[in-house]
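Which chain is which? They are A, B and C, in the order written, and residues in each are numbered from 1.
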Amino acid sequence: MAVDLRAVLLSAFDYKTEKYVIAKNKKVGILYRVIQLSLLGYIIGWVFLTKKGYQETEESIQSSVITKVKGVLLTNSSGTGPRLWGPEDYVIPQQGEDVLFITTNFIETPNQKLGYCAESFKVLDGRCRKNEDCPEGEAVVAGNGVRTGRCLKKDRNSTGTCEIYGWCPIEKSQRLIVPLLGKTENFTIYIKNFIRFPKFGFSKSNVLDTAGDSYLKTCLYDAIAHPYCPIFRLGDIVLRSGHDFQDMALLGGSIGILIEWHCDLDKGYSHCHPRYTFTRLDFNSTANSVSSGYNFRYAHYFKNPAGETHRTLLKVYGIRFDIQVHGRAGKFNIIPTIINIGSGLALMGAGSFFCDMVLLYMMKKSTLYRERKFEKANKYVI
Amino acid sequence: MAVDLRAVLLSAFDYKTEKYVIAKNKKVGILYRVIQLSLLGYIIGWVFLTKKGYQETEESIQSSVITKVKGVLLTNSSGTGPRLWGPEDYVIPQQGEDVLFITTNFIETPNQKLGYCAESFKVLDGRCRKNEDCPEGEAVVAGNGVRTGRCLKKDRNSTGTCEIYGWCPIEKSQRLIVPLLGKTENFTIYIKNFIRFPKFGFSKSNVLDTAGDSYLKTCLYDAIAHPYCPIFRLGDIVLRSGHDFQDMALLGGSIGILIEWHCDLDKGYSHCHPRYTFTRLDFNSTANSVSSGYNFRYAHYFKNPAGETHRTLLKVYGIRFDIQVHGRAGKFNIIPTIINIGSGLALMGAGSFFCDMVLLYMMKKSTLYRERKFEKANKYVI
Amino acid sequence: MAVDLRAVLLSAFDYKTEKYVIAKNKKVGILYRVIQLSLLGYIIGWVFLTKKGYQETEESIQSSVITKVKGVLLTNSSGTGPRLWGPEDYVIPQQGEDVLFITTNFIETPNQKLGYCAESFKVLDGRCRKNEDCPEGEAVVAGNGVRTGRCLKKDRNSTGTCEIYGWCPIEKSQRLIVPLLGKTENFTIYIKNFIRFPKFGFSKSNVLDTAGDSYLKTCLYDAIAHPYCPIFRLGDIVLRSGHDFQDMALLGGSIGILIEWHCDLDKGYSHCHPRYTFTRLDFNSTANSVSSGYNFRYAHYFKNPAGETHRTLLKVYGIRFDIQVHGRAGKFNIIPTIINIGSGLALMGAGSFFCDMVLLYMMKKSTLYRERKFEKANKYVI
């Protein structure tokens, strides 16, 4: 399938004859060249320089994230006495994974025992007016225990709540005013991130090789001053995501930490650096409202000397940090280079055809151009 | 690189002359037009309307999933007395992540102490016929403890099991008949999902902005009646995946909850909705058999007044819910529009060439068409 | 857009006339054919046979991983007496997920109580020379508790450490020499992996259907002898990643287990097999140094008869196994077949044009070829 070579010779490369056409119809000629140049610019500037079309790329990054939070804190809530919080208590789970929850507030209910008490009035399904509203053995929906069949109420005509068998006393619903663990703002998280591009056998860590132990013991991440320090202040992370730590600490939330590795391996090992981005994930831009937070409950179980079980229930609020690693590496390879040059040439051809179409059928003075073109062709053909 | 313009003029656009060809050879002409129309249909119908080729797309969705399970349950196993299960007990891990395990059955072994007892007969490596079969200090493979060097057997000739040092009494192997926590079928899970398409700065949640707190307290997901309620009954989820909750609860299993966000951002914020799909993941279609379930063990440790440690071992069976979020958003952008129009035109050209090839070399009466074509060409050329 | 058909006829398919050109200019002709053949080879060999261009592919694999570790172990550290480690103790988290940590070493600090003691001398921020260095109520950065305002030191001029309120006694910093749980090398992990390609409705498990229970009780993965046994010895996994288990066990590390499913569904169900790859993830190839390991702390809380809380703190070192599942399935589909044939033909055309360009402008003896070409063309045209 050979494209007509004469036409190629005449219109695209034979500058002498073309100049004659341009002389006759400058606008047509200029447009023609502009389109050709912009296509060439697209191929060289965009495909080769910006998109690095001469490189083989690898998107499937292998990554390992190990995190470690440091900091201790003393809380002294009225009911339950002093409580010391170390990372083994406020980081959940403790095993230093890439998703970690930092407790920033809590409601403690100590010394719960299995027994009988009244359901919370806040639980809709637990309200009752007579004993028949509390069928025995049926659990209260979204409640704290199983109904015993009795309705507990202050006086005859009021609405009461069902008696339940469950962990008593039940958790008091409390209005939270300040985050009890607000000082976690100053705690630090050390993020060790190892990556590997298996196709290129390239591996690197976000901890600089040149950074000694002493640097790691004192440095703190800062986008400008210390971009390669892997230790982050929790308050700074929240701040960089555009929110306030103390606001978020009250009811909890979710923050995404994105580590991006865009590596041009042609430039050498030391030019491959991580880039950190912080975003609040549980945020609804349109509603202009922050979601109602992040909390869950867990319990510590104990046995008294008699062998009876009691427990301490904790409802904890906090911030979940979700570390995600993305990456892309590129390295020169002959195959994509050839393919891109080839498809570039094909595009040039298609562009050239497109130009002809435009010039022949859409320009006002196209008749002249058409005539000249055939004239030229005939000169050679006949 | 100009494609020969005369040929273009003559064969593809000069309708008058072409009509003549069609008159002479209708079949060839019709096929020619059919192919051209189907290419045009492909470009407009498929590339632009179906695949939305005029849009820039974003596939890397940022997502945050927070889950909360509600429901309490009382079990009363013969050996261990009443036990109240709240979400803090039957959901593992408790921190409301996107992968959560719901306990549906369990075997409890209370009051284990470190000591000496016989290995289970079910453990192959623990069987013995004489003391030499039980080398002291060696752990039983897949067993419960470390051999003490003694072989315990009922009488001289029978096969016994090694004495071990471990947590005694060892767990009794039990045949499970009913799921003890089968009532979890009626429990609900609230899935809060926040997504963000960073390229477009678009964020949304699966909880409707218009949905008040009261709606969320009473609604239940239903594909038809309540497609935007983020609260799911566990039994419904399993049912929608095509399985039975009570069957699955006995030995456990794994369910995938897929949340898909396919958003056409040209249509506006309110047209971007999540779609939920439920699949059983631990299922082997060909073998027509469900795997042997999902279980694991954990222990609660206690100390008696004398400071000795004892523990309660729990082997729990249950269903793991794995919430995955996928998404794709598209928005009008001039660059993909231009690229798609360009490659569409190029394809039209290639298609045209293909037609010529077919017509010239593969059709029976192609000779006539070929003659006509050159005839036309010569008319202009000479 | 019809490409000039005469040129097609003359240069690419009219072998007779071409032979004449070749006779005149063999080098040019051979190069021409070589390029054409290599393009044809690329399309048939690469696009169709190697890349299977006739198949529709599915990359979004649905996967479920359930893991189970087996093995028990007795440690007898000097301070704390014998300790039996079962999977419920050394696997964290216990719920058999796709990311699991195996404890291989630990430092135990039993019987910690809230009280007053001296901060560790290793904590830089805890050192002091006078009481004013220890502001009351302020937590020691990266330390173990909250300062009380007193500076404890041996004599007047030495550097001491602040007194803290925290869990006392504080953890002793110990130099680790051998991994206390080094025997975990012989423990096994059973990896159940279920996959699904939703587009094709194809699901499979890495456990062979033909494998009976007895096979699974005795087999052990081996790349050659037992490639389909899903039970792996931990020591073998580390070995296959190119490292030594005992070295890694001392301070911990991170291993990636990649399960790849490349399935050609045209070949049938039984030809779709998983392939396992093992890599050490926390490894920095250039620095030639292994990172400083993987450890974290957790605590078990107890209450004594008087209701006072005490705890056992464990600093555990270990190996994290990160199981990742990748997959790609292909099945014959008419649409990609047509698209690939079409773009193949277009590429042939572009290649042909490229050849002409090369021959006309870059070869030395191109003048002859150019002349012959036009000669041929004229023969037909006039």
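Please note the rule applied: a residue touches a chain if its C-beta (ideal position, glycine included) is under 8 Å from a C-beta of that chain, and two chains touch if they have at least 3 such contacts.
On a predicted model such as this, the values are computed, not experimentally measured, just so you know.
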When the CA atoms of chain B are placed over those of chain C, what is the turn angle between 0 and 180 degrees, to the nearest 5?
-> 120
Comparing which residue numbers chain A and chain B contribute to their contact, where sharing over half means same and under half means different, the two sides are different
CA centroid of chain A to CA centroid of chain B, Å | 20
Mind pulling the residue numbers of chain B that touch at least two other chains?
-> 1, 3-4, 6-8, 93, 302, 305, 345-346, 349, 353, 381-382
Tell me, which parts of chain C touch chain B in their complex?
-> 1-8, 60, 62-64, 66, 68, 70-74, 82, 84, 86-89, 93-97, 183, 188, 192, 194, 196, 198, 201-205, 207, 209, 217, 269, 300, 302, 304-305, 342-343, 345-346, 349, 353, 380-382
Within the complex, which stretch of chain C touches chain A?
-> 1, 3-4, 7-8, 10-12, 92-93, 99, 101, 114, 124, 137, 139-146, 165-167, 254, 256, 258, 279, 281-287, 289, 291, 294, 296-299, 301-303, 305, 313, 320, 322, 324, 326, 346-354, 356-357, 360, 370, 373-374, 377-378, 381-382
